[in-house]
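For reference, the structures are reproduced in the following blocks.
Two complexes, one shared chain (chain A), two partners (chain B, chain C).
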Partner chain A sequence: MAGKAQAGGAKSRFKQDEKRRDSDHVSFLKHRGFRWLWIALGLSLATIAGYLLIDQQPRPNGGTWYGYTLGTIGFGLIIWLSLLGVRKRRITTGAWSLKAWTSAHVYLGLSLVVIGTLHTGFQIGWNVHTLAYVLMLLVIATGIYGVIVYATLPQSLSANRKAMTRAQMLDALTAIDRQLESAAQPLARAEADLVIAALGQDVFGGGALARLTGSYPDCATARACTGISRGSEAETRVVALLEKRSEQLAQIRGALRIRAALEVWLFVHIPLTIALIAALTAHVISVFYYW
Partner chain B sequence: MSHVLLEKTDHLSDTIYKYQKGKHVMATPSNLVLRSDIDFEAGKRETILGIWDEQIEGHKVNVKYMAEAKAIRGTGDPIPGSVQQIVSRARDGTKNVTELQRHAPPYAIELTSGEVVMAENVVLAIGTQGNPNLMRCPGADLPHVQYQLDDPTEYVDEHIIIVGTGDAGIENARGLAEDPAQRNTVSILNRGTEFPTAKDANVKALMADHEAGKLTIRTESETKSIEPGFITLATRDGELRIPCDRIIARIGSAPPRAFVEGCGIEFSSEDRSAFPKLSPVFESTAPGIFVIGALAGYPLIKHCMNQGHDVIEFIGGNTSLKPADEPIIAAKFAGLPGNRSTEEWLEFLRANVSILNGMNPLQMREFMLDSEARFYGPGEVIFERNAPGSSLFGIASGSVAVEVNPADPSITIPIEAGSIFGEVGLISGRRRGATIRAAEDTVVVEISRLAALKLQSQVPSAKKAIERISIERQLLQMFGSGLKREDVAPLVEAAQVQEKRAGEVIVQEGADDKDVYIVRRGSMIVEKQIGDRPVFLSYLPAGSYFGEMAAIDGSARTASVKAAIKSEVIRLPGEGFLALLDSNPALREKAMRDMANRRATTAFIESRKDEFAGAVDLYSQTAQFLVDNGIGEATDVLLIDEKLCIGCDNCEKACADSHDGLSRLDREAGKTYAHLHVPTSCRHCEHPHCMADCPPNAIKRGPDGEVFIDDTCIGCGNCQRNCPYGVIRMDAKPPKKPSLLEWMLLGKGPGPGEASYAWRKKAAEKEGGQKAKQAIKCDMCSGIDGGPACVRACPTGAAIRVSPDKFLTFTKLAEETQ
Partner chain C sequence: MAFLIRTIDFTAAGREIVRDRVLDQASLAIGRAAENDIHLPDLAVEQHHARIDVQGDGTLKVTSLGTLGFALDGRAVADGTIDPRTGGEIALGAARLAVARESDGTIAITIRQVAPEEGKGDALRGFQLASVLPSKRAMSWVFAAAILVMLLMVPVTSHLLRTPAKPDPTGKTEGAVLLDSAWSAGELSLKHHSLEDNCESCHVAAFESVKDETCLSCHKGIGEHADRPRLATGMPALSAGDAIQWKIAEGLGKEGPLGCVSCHSEHEGPVRQKAGGEAFCSDCHKDLPARLKDTQLTGAHDFGKAHPQFRPAYYASFGAAKPVRAAAGAKPVERSGLKFPHDVHMNARGGAARMAVSLKQYGKPLECKDCHSPSPDKAGFKPVQMEQACESCHSLAAGGIGKLRHGSLKHLAEDLARISTGPRSFDSGRERPGRLGSASPYRADFGRPVRAYIGISNALSAGGVCTECHLPTTGPTGQADLMPVNLPDRFLTSGYFNHEAHKKEECTDCHAADTSKAASDLLIPDLKSCRDCHLGATAVKTKKIVPSDCAMCHAYHVPAGQWSPKGPEPHYVPKPLAPPKYKPEATKTVVAAIRGSASK
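So, the complex of A and B:
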C-alpha cells in the first residue's frame, strides 16, 4: 500500500531510475562521450609535457622527483586497475557502474604505457625494475587483445546462437542422437560402428587447440558422414541425421570457440597482473632499500 | 449438535491429500488468529494431514466417506417469491434461462450412491475444483479407466492409452514413456491433428518423443468402446482394436457452479469468476445453506477453517459472535479521529463514499480487509506526481486539491467528499499524474487495486461511476489546466469506452472517419505505409490521445493506429472535440502544437526512409519485435544488446548476489531480433498478469514501480502459470554463502552468483532442511540505492533497462552503440 512514508522514498529512486531510462545506450568504449579516453589522453600528454619541460638532474630516470611522481602515479593506477576483478564480484549498493569501471580500466590502462615508459627514463636493463616494466607491457598487450575481442566477437556469438541457449543446443543434439540410435538399427556392422563412434564421442573433447580454432580433425560424426554410403533407405536417413548432427555440433563448437576467444586472454592477463604486482613490490622495496 | 460430514473420497482433505509428497503447506495470513478447534500451522503435507485425521477422530466427528452429493433440494413448502433464475450458456453463445422454485428446509441431500441424507442446515465447503469430466463410451465405467495419475513410475509392461491433449494429458503420457526400462507402450489420442489447448513447449516435447519412438500420437482418433484388455478406436481409416491395459482420461473438469446453482444458490453475476451471494453469516440465498472457503471467495485454508467455526456457531444460535478478522479491521480504524466503533466506521464509509453505497455489510468487511482508512490534515500530501500507485481513493469526509500544473502548485482543482480520485492509476496501471493534497481535515479510504477490481465486478453501479469520472478526469488532464468540468460535460456524455484486442486496428490510414481517441488502458502503436511496408512511427502509452489531425483539418487519416496489447480506448466524436477546441483558444493552440510535433516525427522518419531505407526497416521491425515480446505493456524491462554482450553472465551473478542467492533472470533464454535480446526477466507490466490470482494477495507494486512478491507467498505457483513471459521461478531460499573474501583467499563456498542446486541443497541440509519453495521474481532491486544490479554489473554496457515510451523511438533504436 502506498503509504505516506513511501511517497518520499519513491521520489528519490524515481529520479535515479528516470536518469537510467533516459541514459544513452552505448558500449564501454563510448561511455559518456569517451570521458575516460579524454582523461587518459590528458594525463599522458601532461606527463609527456612534464618530462620534456622539467630539467631532471642528473638525467631523467625513476630516481628524480619527477620520476618518483610518475612512479607513484603508475603504481597507484596499477593497483587500482587490478581491483576491477573485485569490483566485478562485489555487488554493493550505490550508483557505480561496471561499464564505467571497464571504460576507465581500458583507457587508463593504456595511458600506463606512456607513464611507465617515462618513469623508466628509457633505461632498460636485466633487473627487477625492467622485469616489472616488461610485465606491465605484457599485461597491457593482453588487455588490448581483450578490448579487440570484446568489441568484435559478441556479434558473431549472437549470430551463432540464433536465440538458442547453451542447454537448448545440447538438448537439440540429444534429440538428434536419440533419433540416430533408432535409425541406425538396420545398418550393417561396419556402418553401425561409425554411428556408435559418433554418438560416443565427447562433445567437449578435442583439447584447447580445437576449442580455440574450431577445427576438429578427429570428428567421428564427420567421419561417419563420409563413411556411410547412401544405398538403402535406412542409410540415407542415417546420413541425413548425421548431417543434422554435424550442423548442431558446428553451432556448439562455434559457441565454444567464440567463448574461448573471449575468455582465453584472461588466463594470461590475470596471472601476469599478479606477477606484475609481485615484481612491482620487489621494485619498490629494492628502490627504497638502496635509497 | 447432530451432524454428518460428507466426504467424496475415502480420506479427508482431498485437496491437500493430492499435493505432492512432502510439500510444504503454508498458513497465511499470519495476522489472523485461528478459531477452529482443529489445529493448523505451516508444515509438511503429511504432518498436517496426520494432525487433522487424529483430531477429527478425537473430536468424534461423524464422517461419512465415499459420499458424494449429487443434488440438494428443499423438502418444505415452496418459499413464496423465491425463484432462482439459472442461466446456462451453450457453446455457440446462446443463453437458456430456467427457473427454480426454492423450497424451505429441511434439505434432502441426494448422494451418487442413491442414498438420501436429510438436514436442517447445509454448509458447502466444496472448493472450486469441480469434478473431472468422465468418458462416455461403452465400457467407460470399467475399473482400468482412471482420471488421475499420481506416480508414472508405478506402471510397468502395460499398454496405456491417454485420452486428452491438454497439458495434463501430455505430461502424463510423457511421464509414462520417459523411462524405457518400464517398457510401457504409451499412446495418446487426439481427436484432431493439433494441440490447441497445450503449452507450446509441451507439444514440442511430445512430438520429439513421438519421433524418437518413445510413444505414439494417434491423430484423428476417438474412443469407440472399452473392454478389459482392449480398446476400440474410431479413426480416419476405420475402426481399430488394439491392446490396452489402462486408460488415463484427462479431459478437463466441470466447475461446480451448475451443482451449486441447482441447490438454489444465486451467484453475484454471470461472470465466470463470480462468487455466491452471501449474508454476513455466509448464508446463501437458499435459507439454511451456507457457503465457506474457496467457493465463497476465500481460498486460504485458515480463512476457511475460521468460517467453518463461525458458521457452526451461528447455526447453534451464537449471533453475537464477531468475525475473526474483527481485530484486523479494528486496527485499520484505530488511528482515525472520531471515536467510532468498527461497525460505525464501516457504515460511515459506505454511506459517504458514493461508489460504496451499493455494498452490504459482509462485502464492506471483506472490502476493508484489502483497503486502508487514512486521515490527512490540511496541506498533507496524499500522493505525489510520478509516484507509482494503482489504488483508488474515496473521500469519506473533507476534500482534496489536485495540483494540475506541475510547474505551479498553486493552481489546483478541488475534489469534494463522496467522490473518488486516483482512478487513472488504477485503470492505466501507470504512475500518478498529479500531486494530491488534503484541502482540510480529510478522511479517505484507500482501495487497493484488487479490492477496486472486486468492487467493480460486484457492484455494477460503482463500475459505471468510476468509468464516468475517469473519462471526465482524463479529458481534464489531457490538455493540462484551463478546462472546467462544465466544458467537457457534453464530451463526457458522448464518450464511449471500447475494448481492443492486441493488434486490432482502431484508425486505418486513408480512412475518412473523424473520431478522436484517448488511450485509457494498454498502449498503441502508430504505423504508416511507406513504399510497400508499414513503418513504425511511434508508441502511445495510456493517457495519450490520437486521431485529432483528421478532426482538426478534415483530412483523411495519415497513419494507422493499432493496439499493441489488449487495451481500452475512449472514443470521442470528432464534432464534439472540435466544439471543445472552438470554445477554448488556449486548448486549440496546444492541440495544434502537439499536432505539429507529430507531423515533424513522421516527416523525419519519412525523410530517413528515402536515404536510409535499411535503417528505417530495421527500426520498424525491431520496434514490432519488442512489442511482440511484451514491451508494450512493460514499465521497466531488461534488454540485452548482443552486439556488446560477451556472455559473462555477470548480470545473473549480480542478481543472485543482491537477492538471497537466487537469480531472477535468465540471460540466454528469450527471443532475439537484430542483436537485441529480450531475456527472461520481469517486464513489470502495467497490469501484471501474475497478480490475477494470488491467494494471499502477496504480489504488489512497490514504491519504485516494481512488481514484487512479499513473504506471505504460499508457493502455490499460480503467478508462475499466469505470467505469459515465464519470468517467475519457484525455489527455496538457500543459506548464506561464505563471503567474497573467503572465496577469493581461501576458496570457501561456491563463489559469486547463484550456487549450484547441489551446493544449495547440501548447505540447506546442514541448516536443518530446505526452506519451502516460494515464488521468486525480479523486484527491480527495490530499495537498493543505485538501482538494478543487472545493469550496474554489466562490464560492456550490453544490459540496459528501458521503458517503452522512452525506448520505442527512432533515435534510441537506431543508436550506434559500438
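So, the complex of A and C:
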C-alpha cells in the first residue's frame, strides 16, 4: 500500500516534472504543438471563406452584417491582445500560463491582419478609419519584428559578451581609463586635451540612432587615436591604451546595438498600441455618430 | 629587473600619502599574508593570491596561485600577461595595481584602494535603450491624446455647439463641424460631390442614421418603384445575418431595407450609382407572384429564359379616354381612329411610290423616315404631323385660294367659309355697281354661307377629303364629325427602347409594317424578335448575341426609364407634356396615366 502510494507519488511527480520541463524549455512559439498557430490559421481561413461566400450587399465593407461581425471580433481581439501588458505583470500559474498567453498574443495578433483587412473591404482613405487600420498594421509589423529579434539576437548578444558581464565591460573601460590618466601625464597640451575629451565622453552617449546603427562619428577616443602621433614613448603608450579603449568601446557598443535592436520595437509597439486603442475608439464612435 | 612599488593611501582628511619602495627581483608575490612582496590587507584577497613574473621578452606574467582569480584590465581571469610598455591594471579586492614602465626601465606598480561603486546598477541602466528614448508611457499618452482630441473631441464638441448648416447642393455652404472630414469613410459619389465639405447635409443628428426625408428634401418627385407595403411584401426573406442586422439597426432608429441608403450606399468613391445587376432585380422578380398574390406581373429573371411577353399600351376602342395594355400574347386591334395601310405606302411599285418618285420632295419610293422622324434624344420618334408627313400627297390645297388647315373642325369650317370670301384678283381697284348675278362674288361675300356648309358636309362624309384618312362619325348634337385620333406617345410603358442603339437594323426587321394592311395592326415587336439578339446577362457574348441585364431596358425608380452612365437619371416621374392639339383633355403622358391607374 505504501509502495502504491509511493508509485502514485512518483507518477504525479513525473507528471509535474514533465509539466515543468515543458514550461521551461519549449519556446512560446511552439507552445503545445503550435496550438495557437492552428487556432489563428483556422480563424483566418474561416473569415476569408466567409468573406468570399457571404453575399454582402451593396458591397463588402465594415457596414454589412459580416463587416460588423469582423469588426467586433477585431475590436475584441485588439483589446485582449493589449492586455498582455497587464497579464505579464501578474505572476500566476495554471492553464493560462504567461507562455500560453504570449503564444496566443503572437498568433491571434497575426490573424488580425486578415480580420482587419477583410473588415475594411479594401477601402482605404485619409480618415480615422484607415488611421486605425494602419496603426494596427504597424503594431503587428513591429510585433513580427519583435518575435524575429527575440528568436535570433540573444545568441549574438551572448557572442558579443565574450564571457564578460556588462558590469565587467564597464570595469574594463574604467581600468583602461585610469591607466590612460596616468600614462598621459607627459603629454603636451593639445594631446592631453584629446585624452581628456576621450575620457570625458559618455560611453552611453550618441543617442538612439547611433546605438541602432553602431556608428559613432563623434567618437572622441577614435579622434584621439588618430590625433596623437607615436613620437615619444609616452605617446606610443597612450595611443596603445587608446586603441585598447576603442576595442573595449566597440564591445560595449556592440552590446548596445544588439540590445537596441532587441528593444526598439517595443518603443513603437506599445505607444502605437495605445494610439490604436484611441483611434479605434474614435473610429467606432464616429461611425455611429454620423451613422 | 627592478619593481617600483608605489602605494597611494588617503588620510581621513583626504590627504594623499605616497610611499615608494624598490624591489630588485624578477618576481613579485601578492597576497594578504604579511610575507608577500605586495601585502594587501583585504579579506577578499587570499593569503597567497597571485604572482608576477618577468618573462624573457620583458612582459610580465600574472598567475593566480589559488582558486580565486583576479581582474586584468577589468576582465576576470586566472592568469594573464601584461606588456609593461602598454601597461595594465590588476584588480584584487578593493586594490587596483596599475602596472607601467618608467622611463628608466623600472616597472612601476601603483597600488590604490578604490571605494566600492555604489552607482554601478545605475550605470548598467545605460545599456537599456530606454535611457536614450522618451518613455513608452509618455509617447502613448501623447499619441492617444492627440488622436482623441483631434479626431473625436473636436468634431463632437463643435457638432454639439454649432449652428446647423443647411444642405446646399451647389457646394458653397461648408459644414459647421470642425475636422469631421476625417470621419468620412470615402469620397462621395459624383452627383453628391458638392456636399463633400458639408457632412451635416445628410448626417443631420448625432447617432441617427441618414433619413429618407433628408434625401427627399432635395430629391423631390422621385419615382417609387412601387408602394412601400407592396415592395415589402414582394421582397424575399432576408438572410439570417441581414435579418439580425436590420433588427438591431431598426431598433436603433435606422430605416429598414427599403430606405434610400440601403441601396444608395455613399462614400464609395467618386463614381455614379451603378445600375442594379440582374440578381438585384431577380431577387424579387424571379418569383414575385408567389409573394405578391395580386400582381399582374409574371416572374422574370433572365431576358433569354424567363421574361413575360410585352404588353404594349394601345387604344382598344375608338375615342377611348385611356389606353389599355394588351394581354400577354394577344393580338391587339388598335382603334386609333386613323385609316392607314402601311403596305400601300411602303410598296415600292405601288401608286404611293410612284407619286413619291414624281415629287421633288421625295424623288424615290417612300421610306419609313419620310414620315417618322426621330425625337431629339433619338431614342424614340416624334408624333407624326400630317402637315409634314402626309400633305405633300394628301393635299388640302383648295382651288388656288390657299389650303385648308388640318387638325380642327372649327378651322375647317372657317377655311371653307373663306373659300368664297377670300382675296381674289381684280382688274381694277374699283367695283362696278349693279353686278349682283350669280357670276359675281357678291352672294358669296354677303349671302348665307350655303357653299361652306355643303363643303363641310362633303368633306366629312364618306368619300370626302377628310375620310381619306379619318373615320366619319357624328357629334353629340348629331352633326358630322370625325373620330378623334388616339395614339399613345409610348407603347412599351414599363421598359425602355432606344432606336438609336438599333440604327443598323432595318425598321422592318422588327416592325412588320410592309405587310400591314390596316392601321388597326399594332406593329410593336414581340419578345421573340428581341431574343434574336438579346439574351440574359449570363449569355455568352458573340457577334450576334448581346448579354442583356434588366437595366438595359428598365430602371428601378421609373421602370420605363433607362439607366445610363451619362446624362440625367430616369429617376423622376416624367413631367406632364404640353397637351397635344387634337387631344385637349389629355394632361398627362400615357406613361404617367397608366402608372397612375396602376398605383390606385
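In this text, the second predicted complex is superposed on the first by the 256 of 291 C-alpha atoms of A that agree within 3 Å, B and C clash if a C-alpha of one lies under 4 Å from a C-alpha of the other, contacts with A are read in each partner's own complex, and residues count from 1 in each chain.
Throughout what follows, a residue touches a chain if its C-beta (ideal position, glycine included) is under 8 Å from a C-beta of that chain, and two chains touch if they have at least 3 such contacts.
Quick caveat: nothing in here was measured; it's all calculated off a predicted structure.
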item	value
First (chain B), second (chain C), both or neither touched by A:Arg13	first
Which superposed partner A:Ala282 touches (first chain B, second chain C, both, neither)	second
Which of chain B and chain C A:Ser97 touches, first, second, both or neither	first
Partner chain(s) touched by A:Arg178 [first = chain B, second = chain C, both, neither]	both
Chain B versus chain C as contact partner of A:Arg259, first or second or both or neither	both
Chain B versus chain C as contact partner of A:Arg166, first or second or both or neither	both
Comparison of chain B and chain C by chain A residues contacted	C
Touched partner set for A:Leu137, first chain B, second chain C, both or neither	neither
Touched partner set for A:Glu233, first chain B, second chain C, both or neither	second
Chain A residues contacted in one complex by chain B, in the other by chain C	166-167, 175, 178-179, 182, 259
Touching residues (chain side chain B, partner chain A) in the complex	208, 211-213, 372, 374, 380-381, 383-384, 386-389, 391, 446, 448, 636, 641-647, 650, 653-654, 657-658, 666, 668-672, 675, 677, 700, 703-705, 740, 744, 752, 783-789, 791-798, 800-803, 806-807, 812, 815, 817-818
Residue numbers on chain A that touch chain B, as the complex places them	1-4, 6-7, 9-11, 13-14, 16-17, 20-22, 24-31, 86, 88-91, 93-99, 101-102, 150-151, 153-155, 157-158, 161-163, 165-167, 175, 178-179, 182, 259, 262
Touching residues on chain A, where the partner in the complex is chain C	54-55, 57-59, 61, 63-66, 68-69, 123, 125-129, 131, 164, 166-176, 178-179, 182-183, 203-204, 206-208, 211, 233, 236-237, 240-241, 244, 248, 255-256, 259-260, 263-264, 266-267, 270-275, 277-279, 281-282, 285-291
Contact set on chain C toward chain A in their complex	71, 73-76, 85-89, 91, 96, 98, 100, 103, 110, 120, 123-124, 126-133, 136, 139-145, 147-148, 151-152, 155-156, 159, 180-187, 199, 203, 206-210, 239, 241-242, 244-245, 254, 262-263, 265, 268
